Amino acid sequence: MLSKIVRTAANQLIVFIAVFGLYVIAHGHITPGGGFQGGAIIVSGVVMLLVAFSSHEIKKGLRERVLSVVESSGALVFIILAFAGIGTVFFYNLLLGTPLFGGIPATGPGPGNIWTGGIIPLMNFAVGLKVIAGLSAVVLALALFSSGEEVEE
Amino acid sequence: MTAILESGYAFWNPIIWIIVFIVVGIMVYFFRRQGQKEYKKDTDQTQIFLCGEEVPEAGERHIRVGNIYWGFFETLKEYYTQVLKIHTGIINDYILWFVGAMALSVIILLVAGLG
Amino acid sequence: MDYIPLDFPFLAAALLVGISFYIIIFKKNLTKLIMGVAMLASGVNLFLVALGYRAGANAPIYTDVPEGPMVMSIPQALTLTSIVINVAVLALMLTMVIHIYRHTGTLDSEKSRKMKG
Amino acid sequence: MADLMTHGAILIIAIPLLAAFLTPLVGMASQKARNILVVVSLLFVVVLVFALARDISINGIHVYTLGATAPEVTTPGNFIVPVRIILEVDGMSMLMAMLWSIVSLAAAIFSFSHIANETGQNRFYTLLLLMVTGGFGMMFTGDLFNLFVFLEIASISGAALIAYRTKFADTQEGGFKYIVVSAIASLMVLFAIGLLYAQYNLLNIGALAEVIQYTTVDKIALALLLIAFTIKAGMVPLHLWFPDAYSVAPASITGMLVITSHACMYAAFRVCFSLYGNMLDAPVVGWILIVFGLLSMFVGVTMAIFQKDVMRFMSYHAISQLGYMWVGVGVGLAVLGNAELLATYGRDAMSGGIFHILNHAMYKPLLFFTGGALFHMTGTRDLSKMGGLAHKMKWTAILYIIGTLSISGIPPLNGFSSKILIYESVYQFNAILTITGIVVSILTLASFTKAFHSAFMGAELPEYGKVTEVPKSMIIGMAILAAGIVFITLFPSLVVDRAIQPAADALINQGAYIDAITGAIP
């Protein structure tokens, strides 16, 4: 466990890191980024917390069981979205042209319209969920390993 | 007849073999029936007879794997010392072989392309 | 505009691959070996990304693209996939090395080996 | 039904993937429900695979484009080349998929009892199903990059499964060696893909095959791809990691890993025949495969006789048997440019090699499973500590005998029918190949007799007084494979005509493979 200054700063910073990660996930279909990148940014915040606090403290907050459920659900949502298009073709972009995320992103300078891309933004969120849970479990497990503990089953 | 496999040079039919095995099995059974009828279970008849010597324990009687084919390994001693030298069990060596084989096949393919 | 020489990234990629093979083959420490694999992955990724570069073309970003041709985004997609896969590979390797260290008490690839022949 | 067949190829890949992520959720509620889910999903996949195989034998190659407006639209409207993820399924892919589906089902059933005492079983089944996905993906993909992705999926889950029993030190070492070798091999595959992409701006195998030139860079890419796939398939002298990784994994996983090796072998064949095809310097590449194959046969079997660890012993045999396939298909490759020789013996040699893949995929997992059953009951893999186990484990002993007779090529079992095809056709190419094959076959029988004697024969040993027959699910898992062996034994001609020769033709006929991709452009 590091000093109080570091811990307080980390507590505040994690909010901004999480927001930035969510931004990258949400804009995945119109700017560089996406589910994995945004998720990895958020997990970097988790790593910061792991460094600031000890791994025991974090372990109390992040239950292995919960992480496992979130990770599996993220993957399931992704696959179900892919299956949703099977009336036409697997991975077919079902929502294209519908009011929900229906538009095609415009080319050219501009802030970009998030409400486009069909199922791709939804898939980005599913992947983001999976990456956050999965990578958090990985870094937590590695941190616990190196302090000589086992993760719970 | 889906059982016959024609390779173009000969044919191969497992059914013939199975019939042969069944015939041999019946013959074996027949010969076995000719044997002694006075065999009794759970008497001294079932014990192992070793020229009157004392029979060793079950664990000692069993020929363990290390003693089988001793002569074979003795003959091929040279070969085995050479081959075991390659099998170091170190991961770095595995990758060295990989890189070596890759380089070798690149050279072979390039040289073969020249001629 | 001043472009970087076209073959410069390929040289860097070749250098990375060469150095990482040296590390993987000659360093007996398992952690260093993992670093070698990570470097090899970076070298290959750099090579792939460099393939996607076309002089004078724009990066394929919809919201920030001036007039002119856009590069095909396939090499970038390949690199990204490869990076994601390598994260999984490296995490798995590190976990195994931790277990190896726990069981044998050493990280030397020769001393920690139990199987040979 | 017709709809199901249109989407058959992707369903076979996607259903295990879906089941993989359902497993942890279901497993938290009930272990029994999870086991049922695993078996049902794999059974469904088996049914789908056989239905699709029938469909392909009637209607020809299937092409499936992910995310397109219709499965056959390989090239999107405003593009001139295929860019989407495309699955391309032909006779060879189907043969591999059939044996992979059966072995994975048997392995999953075998696992229920085999890992019953371990922790984290939910993760075990998730990884197992992911490995199934990876394997099917490798067999079905028509795209080089997806080949890499699925190869990595199969190797990562495979490595995690090898190291699954963390309480043993050797499992960690085996898993680490496996993942390092696979990671480096896959990166070399990716590098080669990059080399090809740099020249042709294409990733699709069929589209690449149409324009490939066999330049110097292509030759380097070929060497990288070939050696990367052969190290994954365990070809001598790149086999060193193979016994280390395979002997320590849970037995059910070892059985499946054998098939992932076959899948890498399939990928190597795909690269040689479908990607480079007629542009290839066929005799040179063919001879490379033949020479390495002969080395594999001989070194594998001589190292196997030497082993005392039962799983390690069988792993070396797997290397030796893989050699037969390299030789068989290598001879076919060496005469690929010569239509006359190809018709005389080349096609038969390839059929023999491919038939041996099928047979090996049945008996080697069976043997690994019996080895796992021995380990499950005695707690050791060391043959020198075993003895007299046939008294207690009758079914295991019988199944072991079936596997042994089959691998040694004793008539009438299936191992013989594929070996005779290889011997007879390869003899016309070069007599030495056949002679080596027969010698290796004899040594195989000798070494399996030795292992059988030391494990099963002899008096009952006092230290194994408590040993009983293995649990039912393990017997069922082994019996599925034994049933496969008996079926192939009784109907070799049926199997060769319906499955093997279409597979060999699919490899030889590169034009059909290309047309399936490019011909579909609207």
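We just call them A, B, C and D in the order they show up, numbering each chain from 1.
In this section, contacts are C-beta pairs under 8 Å (C-beta built on N, C-alpha and C of every residue); 3 or more make two chains touch, one makes a residue touch a chain.
Since the structure is predicted, the reported quantities are computational estimates derived from the model, not experimental observations.
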Which chains, if any, touch chain A and chain D both? C
Could you see whether A-C or B-D has the larger number of C-beta contact pairs? B-D
Whole-Å distance, chain B centre to chain D centre, using C-alpha means? 23
Between chain C and chain D, the Cα-mean centres are separated in Å by 28
Just give me the whole-number Å value for how far the CA centre of chain B lies from that of chain C. 45
Residue numbers of chain D (touch at least two other chains): 176, 180, 184, 244, 303, 306
Shared-interface residues of chain C (touching two or more other chains) are 24, 30, 33, 95, 113, 115, 117
Set of chain A residues in contact with two or more other chains: none
Looking only at which chains touch which, which shape fits best: line, ring, star, complete or other? other
Taking the touch rule as given, give the residues of chain D at its contact with chain A in the complex, in rising order. 7, 10, 14, 17-18, 20-22, 24-25, 28, 64-71, 85, 119-120, 122
For the complex, which residues does chain B have touching chain C? 84, 87-92, 95-96, 99
Touching chain A in the complex, chain C uses residues 61-66, 80, 84, 87, 91, 94-95, 98
Using the touch definition up top, name the residues of chain C that touch chain D in the complex. 17, 24, 30, 33, 37, 40-41, 44, 47-48, 51, 72, 74-75, 78, 81-82, 85-86, 88-89, 92-93, 95-97, 99-100, 103-104, 112-115, 117
Along chain A, where are the residues that touch chain C in the complex? 30-32, 36, 40, 105-112, 135, 138, 141-142, 145-146
